[in-house]
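Pasting the structures in now, so scroll down.
Shared between the two complexes below is chain A, which has chain B as its partner in the first and chain C in the second.
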Partner chain A sequence: MLEKVKEILGTPSDFTAETMDNGYAKMQICFFPGMCDMDQLKDAIIVPFSYRFDPDEFRRLLHTSIGFMKDVPPEKWVDFLLKGYVIIEYEGEVFLFRAIRRMQTKPDQTQVEASLQGPQSAFTENLDLNLTLVRNLYNIPELAVENFEPQNQSKSKIALLYDRAKRNETTLEEVRKRLRDLDSGLLLSAGQLAKKISQAKYRLFPITQITERPDRLSIHLNKGKLAVLMDGSRFAILLPVHFFDFMYAMDDHYEPSWMSRFLIGLRYVSMMLTLMLPALYISIVSYNPEVFRVQLAFTIDGSRAAVPYPSFIEVLLMLFMIEALIEASLRLPRSVGSTAATVGGLILGQAAQQAGLVSSIMIIVTSVVAISNFVIPNSTFSYFIRILKYAFVIVAVFAGLVGVVVGLFMLVVYLCNMRSFGEPYFALFQSKAGKASDKIQ
Partner chain B sequence: MIRHRTLLRCLCLTLLLALGGCQMKDIDKRYFVVSAGFDYSDNPAAPYRVTLRLALPSSKVEEGGAMSVVQTADAASIAEAVRHLKSTVDKELEFGHCREFILGRKLIEKDGIDNSLQWLSRRRDIQSVSNVMVGDPDAYSVVNLKPKSERYPGNSLFLSFGNEGTEAANTVTTYLFDLYRRVYETGLDPVLPVANVFRDAYKIDRAAVLDKDKTRLFLDPDETLLFNMTAFGVDNTILVLPDKPLNIVLAATHTTSKINLKGGEDPVAVVNVSIEGFLEQSPPHLLEKDWGGLERKMGKHFSEEAERMLYKIRDAGVDPYGFGLHYLADHHNAKGRWEKWKRLYPEIRFEVRANVSIQGSGLIR
Partner chain C sequence: MIRYYYYHIFYVGMMNIMVLVPYVLISHRFDGAVSSFPLAIVFGTVYSYVTSAFFQRFPGLGLPEIYKLFLPVWLANCLNMVGVVIWCTAGIIVLFSYSNTVGIFFDPEASSYLNLAIMAAASLWAASRTSRSVQFTHEVLLIVSTPIILWILFKALFSHWLDWDAIRLVADAGIRKPPSMVCLFAASFVFSGHMNITLFNRLNPKDLKFRLRWTIPIVGTFFLLVSFFVPIGFHGTQAVGNYLYVWSVTTDSLMMKYGFIQRVLYLFLLLYTFLSLVFVMNTWHTGMEFFKACFKKYKPATDEVNVPAINWWICGVLAGLTFVYAYFTNDIFNRVAAELWLVTRFIIESILIVLLLVFLVMKKKGYMKRIDDQHERRSGGASR
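And then the complex of A and B:
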């Protein structure tokens, strides 16, 4: 057995392969110490084999314990080894023992989708623990879990979750097919998996939602939809989703009704602002100044008098600055992060206006755009909105206010045309389970 | 391949920079006209004198800090005069914020309003909600005035109309769209406020009633007030009952008016006006003595005054109330109906039914 394994693996230095002899019997054992839980290994194999050795009992242990697998074809041995299994050969028989080291033993804290009063636990990078979290919240026998093991280089386990009583068969079948057909290459995170199963690359809006919250996943399952969990990623993929799902924070379910309604309204207003404001600024300043009230028109006129460039260069300049600032503070370590904010906020904002590079209104426009963007509760969605505003800026440069209005109309048409795994993306009223159209996109 | 495409895209994006040289007229490349006046110049070759007040914007707004310049040009038409004015300024003229158009009194008397109205309603950047008024004695004096209290140019005149700033009871507000409608509607005649300069301020307390083209009648301030109440139901007016030693004054907070036409061959125009308000000035303990009687007395006085004003308007041959429109709407609109109304109108009788209700004598302290 050891020769076969070494043939494939070579002799990596983090690999242990030995023959043990307790004086009565011999046993071959091989494993990756770094990937195995040594306590489990000691309790289950080393102790019974060494100082409490009893040949009958040890044989019985190997054959009856559920921790040991027998009759695994030799070509699969290495795959199991690489996942943290231990292989032993005793009396000519080969057993595989599951002693995978668990990195995580308790749920993570929410980091991306913080909630004030909701549950604070988030998914971890361990699939088994994640399934436990879901089962705890969605504790009914109909919850089904299907495992997939894609034949790529990472071989991370993927679990497909759904409610057997409520799921939509066409969508489920399509998702199964896509999970089976995953191509080779490294699959490192849930985001990457989401990208692969949504297929079309140049969509303007996400058709899957990525979440770290078990409670969001449970609500989603309860609507008869599907969720995909992946080993090694602390995010779950929800599908199919609707446009309006992205504007929900989980707190909306836990806070007083009036407040959550107000907040949802606020989010939509913010989304429109962050999407349209730069474009509106350009089109109003350059094409239709009569839209302003006269006071504002004169103020902007006065503050723009020193600005040397046309309005759209001003806008692109400030948008570039704010995007650079956001990107920089995202990647910076926490300790340096505040420096970026100071430099950006104080120096760029105030000084750019005093230097006559941008008008004072533009500073306000820029900050509103940046802040409103952060109000959107889902980060994937806010990325899409962030990039979409440039489309509106370009339209506004060439066609002014009319262009912006036509662009908005086209965006609505596009949204109405979109499908997320067969369900209308822009549907105000969500369809009941099993009633989605057959066409899958 | 992909790199080529990216390069091409970047190249296209750099073309954006060249747009700065295109027709993009940013807000700071435009000269905002805040009020425009049209006069008659007495020169037959160039009869139209156009006066524009141009705002010099500043980023700070303060009392009396409004800066503006006034430019004048004479030409054979308004359009030509404006083109001509363009060559005297350094930025593009923008009428988007011009909300005041002043027609000189003499211009209307000599030329009528039609030519001016045509120009106003055809230009795309002139808003239909602009105020139109008659400048007395000419438009230039009204446009040229720079009131000291103005915070930004042109604002003072604009605030005089509608409910935007002051709610003066004897200022008639006529918007451009309304003027246009009144000029082209059968049985409804235009009415314009008359503005003149009075000690570093505008005085807009009279109204000019026009036939479809020229002025026929000027209403004095008191008549304008009555007209405002009966025709438009303007709120926040006053109602005065002459009395000794002091007039009794009712501050009317709410006024509604409704017009009814009665009678076929001998029509009577019934104007129902209901006025609510409280006494702003009266002798003590007047209400306790005879509340209802005072209401009736005030109503009767109002009716008499209003009827006198209505007959005056009728005798001038104009119809700013739209009695003719009412008649056409009420009656079967056969041919000759309008001709018949034109025969009937000079003989029409008016009946103003005023329903005054006094809410009280003001606050009790």
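And then the complex of A and C:
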């Protein structure tokens, strides 16, 4: 056995392959010490084999314990080894023992989708633990889990979850097909997987939602939809989704109803602001200042008195600054991050305006755009909105206010034309979100 | 699902402004406009009752499919082509007059073709989508813009600049005159939202009940009276005749005291951009589907995964035609064209109503072809 394994693996230095001899019997054993749980290994194999050795009992242990697998074809051995299994050969028979080292033993804290009063536990990078989390919240026998193992280089396990009583068969079949057809290459995160199963590359909006919250996943399953979990990623993929799902924070289910309604309204307003404000600024300043009441038009024009170039250059300049600032503070280590924010704040604040490079109104516009963008509860979605606002800026540069309105019309048409795995993406009065959340309470 | 039917009723009621209905009515304000209103209300109500009752008996079938059930192919195709012409010209006229309005009020210096190009591109794209997408778009935009438009209308109604004396004068003088045909034709347009069911009935489920039909005359009458009388109240009995885009000027007489925008006109025009584009989208889409129905191979589909290329071609041709129309025409000719269209529309609608009644009789007597394999409508659950 050892020779066969070494033939494929070579002799990496983090690999242990030995023949053990306790004086009565011999046993070949091989494993990756770094990937195995040594305590488990000791309890299950080393102790019974060494100083508690009894040939009958040991044989019985190997054959009956559910931790041991027999009759695994030799070509699969290495795959199992690479996942953290231990292979032993005893009396001419080969057994695989599952001793995978679990990095996580307790749920993560929510980081991306923080909630004030909801559950604080989030998915981990361990699939089994994640399934436990889901089962705890969605504790009914109809919950079905299907495993997929794509034949690519990372071979991460993928689990497809759905409610057997409520699921939509056509969607399910389509998703299964796409999961089976995953191509080769490294598959590293849920985001990447989501991209691969949504297929079209240049879509303007996400048709799957990525979440770290088991409670969101349970609500989603309860609506008869599907979820995909992937080993090694602390995010789950929800599908199919609607446009409106992205504007829900989980707190909306836990807070008083009036408050959550108000907040949802606030989010939509913010989304419109972050999407349209730069474009509106350009079209009003450069095309139709008379739309605003006279005093306001004068104020805006007065604040632009020192600015030497047309409004769209001003907008592009400031948008570049704010995007750069956001990007920088996202990637920097925390200790340097605050410095960047301070410096950036200074530039974006008083200095640029006093230097006559941008108008003070533009600074307000920029900050409103940035803040409103952060209000959107889903980060993927807020990325899409962030990039979409440039489309409106371009339209506004060339066609003014009318162009912006026509652009908005086209955006609505685009959204209404989208389907997320066969379900309409942007149809009003079709979501059963309210009903489902009632049931879960 | 019935709500989609009423969306059409509502938006056509509001759209009459852009098809120059108020202009036609106001130019006849002293000779028979007012007295034709009761007639228009009766005709509009009866027509919408007939169509809804008829299409309720053929759930999931559009007009082209129904033609095929009762008529020989050549006749069905001829009727389809009449539909294509009448629907598409409506879109073209509205697109032209609206891009002109926008040009006049927003940027008089820019080339009028620029606005037309943007709007034609948007309409082309929107109209070539699937019927279901068109319906969703319609719903969203209508729900967004209707409350604000109604607010503007009520603001105008309760404005103290509105001179009720002028309105009373016109109403009093007009009602004594014999009704004018042109005004009847124009006024009945306000009620013609029900015609959209000829295509969108394809999306209606089997058990659809047309409830709340009594609201149709109320909604129509409201929009008709408002769009005729409010401009008269603002401009006076004589001056109101001076304007072509009479409602744009009327809303410009309104002022918002609070907020960023002072002149209601701009809000009004921006909202009507939505409505006009929705109108063009609906008309072109209907025209396109009618045209496609003339081909033998055509199977009515309401929610394809990928839009067939022919959609792009047909709508592209329509957009091109709009440019040709814009090149050869001007506001004055467009006015005549709109009037002509309103007249033709009413006549064709009347013929259609008679035809529908004949179909009903034929169905009762059993002169109907077999409903062949019912197509695979509403298959919906495709991927993506």
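Rule of thumb we're sticking to: the second predicted complex is superposed on the first by the 429 of 441 C-alpha atoms of A that agree within 3 Å, B and C clash if a C-alpha of one lies under 4 Å from a C-alpha of the other, contacts with A are read in each partner's own complex, and residues count from 1 in each chain.
Going forward, contacts are C-beta pairs under 8 Å (C-beta built on N, C-alpha and C of every residue); 3 or more make two chains touch, one makes a residue touch a chain.
The shown structure was predicted, so the numbers you read here are calculated from the model rather than taken from an experiment.
A.B. asks: Do chain B and chain C fit side by side on chain A in the superposed arrangement, or is it a clash?
C.D. replies: clash
A.B. asks: Mind working out whether A:Glu327 is in touch with chain B, chain C, both or neither, as first, second, both or neither?
C.D. replies: In the superposed model, A:Glu327 contacts neither chain B nor chain C.
A.B. asks: Between chain B and chain C, whom does A:Val397 touch in the aligned arrangement: first, second, both, or neither?
C.D. replies: first
A.B. asks: Pick one for A:Pro310: touches chain B only (first), chain C only (second), both, or neither.
C.D. replies: first
A.B. asks: Who does A:Ser360 touch here: chain B (first), chain C (second), both, or neither?
C.D. replies: Touch partner of A:Ser360: chain B, not chain C.
A.B. asks: Once the structures are superposed on A, label A:Asn288 by its partner contacts, choosing first (chain B), second (chain C), both or neither.
C.D. replies: Both: A:Asn288 reaches chain B and chain C.
A.B. asks: Report for A:Asp181: first if it touches chain B alone, second if chain C alone, otherwise both or neither.
C.D. replies: neither
A.B. asks: Would you sort A:Ile300 into first (chain B), second (chain C), both or neither based on which partner it touches?
C.D. replies: A:Ile300 sits against chain B, while chain C stays out of touch.
A.B. asks: Among the partners chain B and chain C, which is in contact with a greater number of residues of chain A?
C.D. replies: C
A.B. asks: Let me check the overlay on chain A: which residues of chain A are in contact with chain B and also with chain C?
C.D. replies: Touching chain B and chain C on chain A: residues 288, 290, 294.
A.B. asks: Residues of chain B touching chain A in their complex?
C.D. replies: For chain B paired with chain A, touching residues are 16-17, 19-20, 24-28, 30, 32, 34, 55, 57-61, 94, 96-97, 99, 125, 127, 152-155, 158.
A.B. asks: Tell me, which parts of chain A touch chain C in their complex?
C.D. replies: 168, 170-171, 174, 199-200, 207, 287-288, 290-294, 296, 399-403, 405-406, 408-410, 412-413, 415-417, 419-422, 424, 426-429
A.B. asks: Under the definition above, what is the set of chain C residues touching chain A in their complex?
C.D. replies: 3, 102, 106-107, 110, 114-115, 118-119, 122, 125-126, 129-130, 132-134, 136-137, 139-141, 143, 259-263, 266, 270, 273-274, 277, 281, 305, 380-384
A.B. asks: For chain A, which residues are in contact with chain B within the complex?
C.D. replies: 285-286, 288-290, 294-295, 297-305, 307, 309-313, 360, 397
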